[in-house]
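Got some structures for you, see below.
What follows is chain A paired twice: with chain B in the first complex and chain C in the second.
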Partner chain A sequence: MVEFLVHVAIMACLYGLLSLSLNLQVGFAGLVNFGQVILFGCGTYGAAIAFSHQLGPVAGIALGIVFAVIVAAAFARLGRNLGADYWGIATLAVAEVLRILANNEAWLAGGAQGVGGIPLLFGDMPRPMGPLMTLGLCVALLLAAWWLCQRLTTSRYGLALKLMREEPQLAASLGYDLAALKTQTLMVAAVLAAASGFVFAHYITFVGPDQLVSSETFLIWAMVIIGGSGNHLGAIVGAILMQFLFAFVPFVKDALGLPSEHVAAMRLTLVGGGLLAFLIWRTQGLIPEHVGGKQNG
Partner chain B sequence: MHKALLAAAYLALSGLPALAQEVVLGAVVPLSGASATLGDDQRRGIELAVDNINEKGGVLGGRKLRVIVEDSGGRAPSALDAAKKLVTVDNVPVVIGEYSSGITIPVGQYLVQEGRVHLNIGSSSGKIRSLGDGSFSLIGLDNVSTGFAAQDVVDNKWKKAAVIVPNNAYGQGVAEQFQKAFSALGGEVVTTVMYTEGQTTYRRELQQMERSEPDVYVYSAYGKEAATINRESFELSINTTPWYAIYLSMCTSDADPKFIQGQYGLDLNYIGPDGAVYEAAYKAKYNEPFKTSFNGYGYDAVMMAAAAIEKAGSAEPKAISAALKDIGKGYNGATGDITFDADRQRSKQPYLKLKIEDGVQQR
Partner chain C sequence: MVQFVVDVLIRAVDLALIAIGLSSVYSLIRFPNVALVQYATTGALLALGLQMAGLPLVVAAIVACALVGIIAVVLNVVVFERLLRAGSAIAMIGSLALSMVFSAIFLVTAGPRPKRFELEINPPLRFLGARLTEHQLISVGISVLAIAVFALILFRTDLGRCMRATATNSVLASATGIDTRKVTNTVVFLSGVMAGLGGIGLSVKGEMSAQLGLDMLLPVFAAAIVGGLGNALGAAVGAVVIAAAETMVTNVNFGPLFGETVLFIPAAYATAASFLLLVVVLLIKPYGLFVAEVKRG
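== the complex of A and B ==
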């Protein structure tokens, strides 16, 4: 059971990173990114390409970050002339194009067949230590990301982001360079997502285009909305809660003796129904955004 | 007080006393997501085998066999959640699964690393071969079925083939291996089309293939897409050229007989002493013919695992793995003779050569 909990905690941290990243974009800067999963994919493909060319994990994370920054720059460039909602659709399209590219270009990273056998990060360590070290790394990454996001958003910079979200014209009239703000936010968020993808690839040990379908993006959206958009802690809580709920649904099935096919339906209901419930009755999420107070004082 | 009640309820419901006598195996299949139809059919095969074994008195001197079937959701992370639960919490010696190779590979790697037995019943990617000791394939990998198909096509004197398969791991593997086998036999693949799943029409793809003037269309498809391709090939009257299906039943399920008239194809061979009984049992329990070509592997996996446990006299993964290697020499499964090669893969499969006449498969 402990081993299983360690696994669920690792996955929760990785989703926590993705959720923090999306929350920085949506919750603070008002960037409605429907292509979040591709930023994660930059990390997984960085790991996969480095592995298939025997370049080692350091090259993998570097490649992942480079890819993520390029995609973020492309997203930001798209955003110049588009309204927030249209921009969201454009990001979805770009993410799908990149996924299809990965699916078709067999030379890149195995095409649809993907790349398997990517080594575990602490695979050489004796049994209980390896997964624990991975968990330690994931927790450290999550805390560092949280600290970074907190620093960014409680500064004047964070206020500028919120102003851009609420009143873009006002922000522009006050002399803020909106294009630069968007680009910077996207790049920071992209690096967080890529870090999550890199660790994910070395944990799952397999990278393929099926991991980048758009439903994964909406899973991360559900985490942000349920946890509380515009609040870092909320984003993390949403991710951890969803991951634990997902992982423990099968236990409920075993305990109640339900047939397996019900579990599948139950999981879908949890995401869809939960999301709807929050959108209708608690739009601010579990932990609402902090408006006013100390940092404005 | 509440806690005590909950604990008592949990103990009562989880049936702890029964666990001591049961032999428990695990399975991870896609019960939701894009491959849910296939995954549910795999589950049916597993269920039938469990019923069969328990009717005959279970394993290891009357202990009941149980298979915990978990949903992978068609996602690698959820599949790994399920596999880790089966290994670290339920402590099962054998895990059966999955369907997509992108999920089977990480799950198999994890199981091998944990020293458990992995039985692949649905993925045909060549990459499965290198998973390592403890991982067995009951399904012939893509080189087995395409090798058979290529030989059959050549035997029918068709020289130029146009291939259409889904653009996913399965389809890319089939296209690549068929091309290899067919060229080696002197044939030529004139076009290969990888279709995107979920489209409402495949006319453009079919017309593109038609322009290459093939002697035969070779295809493998399932569900809605297979139905669309068959209908549109009829409407475009390119079905006057022979069509050859890799897994004919899967490609032509739910099709109007006039759309698929005269199609050739290969399919699994449900002969052998267990096959006919199995086919009858499936029809009796689910009131329909085989939904996909994949349920039989689930059935065989459970039957073989049970036989291995019986032979080893224990439910330890190491002993089961060793026993499986012995049993896997001409084992008589519902899907025909099962023989593992040195990499524990099913190297040969006795497929059927079929042709459809008036909506009925003729041997």
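== the complex of A and C ==
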């Protein structure tokens, strides 16, 4: 049971990173990114490609970050003159094209079969210590990312992002370069997501295109909206809450004696229904964004 | 060549039905409803259920389409009118959440396994050297008829005039005495009916699965965006373009271009082709091919 809880906690931290990353884009810069999962995929595929070419994990994280920055630049280029809804669909399309590519090109990290046997980060440690060390690393990463996001958004830069979100024309008239702001935000967010993907690959030890389906993106969206978009703590709380709720769905299924496809259905209802309920009744989420004054969320 | 045209047409009509619904609703309430593709699955599922209950397929299809239309109106009044007060991006995310709930319902009611309509199997007909089955012919005929009827409503009736007036300037339209809410709900009803018909058409020609709608998501959006979101008949042209791109990828031998006898692109790239087309169109003409100038709030 403890091992299971450690596993859920690790996954919660990794999703927390993704959620922070999406929150930076959606909650602060107002970028409706429906291709978030592919930024995560940049990290996993960086790890997988480095592993299958025996380049070592340092090359893996470097590759992951390079991929993520390239994809972020492409997203930003697409977004230069698109309305928010068009851009959302475009990012979804780019993410799907890349997933289909990864699924069909066997030379690229094994195609549909993916890459297995990626070494654990703390594999040489005895059993209870390894996962605990991984958990420690994930918590440290999450806290570091939180600190970074906090620094970024409480500075003048964060104000510029919010101004761009609320009044893009005013921001432009004050001399802010909106295209540059969007590009930078996307790149920072992409690096966070890629870091999560890299650790994920070395924790699950398997990387495949099935991990990059767009429903993952929507799950991260639900975490951000339910937690409270525009608030870093909210994004983290949303991720932890959703991840722990998800982990206990199979137990509920067993207790009620339902067939296994009901697990997927229950999770979809949790994500979709939760998201919808919050959008209708509590758009600001569990922990609302701080508006004005000194920020300490 | 004739076979190519026939294949494109078969694919295009159902895409067009859903995309026209998406586009015409967008023209009135300014947000792309992701859940519309799930209405297509709902239509197919209801028709399948009614057929299994003993109704003839034609009656089952008519009842199912009407039901989907009613569901669409109810959801519009209960969910989307509320979400739209918070903005179009919120409404779009809400429609995404709603489509997840739909997926959960499909999983529980229809199960994960694909289903088929009970149809007699006839040998394919020959038409100018092209093969097509009787069911395909009838289904394409009905879909083309439905599109024609919709075009007639749009351009030849009072309702159509009200629709176009509301789309162009909804404040002015309501000032001249048009009940814009009623017009919107009528169009939402029609979009639901068309989506349901599209879903039934798709499953008559192939099979019906819980994934049907989500698989159609990006092709439908690609068709609507290529045609210019908000431009109903542009969506029909967009559907033909997307269908042609998909068919080209799967059916055309690219060998002679590269000095080889046989060179086919893997069929899995058919969907990728339409997404790529979407991204390219958005890069070059951000608001689609048939919208010269749009003011977007």
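The rule is simple: the second predicted complex is superposed on the first by the 280 of 297 C-alpha atoms of A that agree within 3 Å, B and C clash if a C-alpha of one lies under 4 Å from a C-alpha of the other, contacts with A are read in each partner's own complex, and residues count from 1 in each chain.
In the analysis below, a contact is a pair of C-beta atoms (placed from the backbone, for glycine too) under 8 Å apart; a residue touches a chain by one contact, two chains touch by 3 or more.
In this text the structure is predicted, and so the values were computed from the model without any measurement.
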* **Partner chain(s) touched by A:Glu3 [first = chain B, second = chain C, both, neither]** => first
* Taking the superposition as given, does A:Ala264 touch the first partner, chain B, the second, chain C, both, or neither? -> both
* Who does A:Asn104 touch here: chain B (first), chain C (second), both, or neither? -> both
* To do: Check whether A:Leu92 is in contact with chain B, with chain C, with both or with neither, and answer first, second, both or neither.
  => second
* Asked: Touching A:Gly273 in the superposition: chain B (first), chain C (second), both, neither?
  -> second
* Asked: Between chain B (first) and chain C (second), which does A:Ser52 come into contact with in this model arrangement: first, second, both, or neither?
  -> neither
* Intersection of chain A residues contacting chain B with those contacting chain C? -> 103-104, 261, 264-265, 268
* To do: Please name which positions on chain B make contact with chain A in the complex.
  => 10, 13-15, 31-32, 36, 40, 43, 68-71, 73-78, 80-82, 84-85, 88-89, 100-103, 105-106, 109-110, 125, 127, 130, 167-169, 171-173, 194
* Asked: Which residues of chain A touch chain C in the complex?
  -> 30, 32, 77-78, 81-86, 88-90, 92-94, 96-97, 100-101, 103-104, 215, 218, 221-222, 225, 261-262, 264-266, 268-269, 271-273, 275-276, 279-280, 283
* Structure fact -> Note: in the complex, chain A contacts chain B through residues 1-4, 7-8, 11, 103-104, 106, 111-114, 116-117, 200, 204-206, 208, 210-211, 216, 246-247, 250-251, 254-257, 260-261, 263-265, 267-268
* Residues of chain C touching chain A in their complex? -> 31-32, 79, 82-83, 86, 88-90, 92-94, 96-105, 107-108, 111-112, 218, 221-222, 225, 229, 266, 268-269, 271-272, 275-276, 278-279, 282-283, 286-287, 296
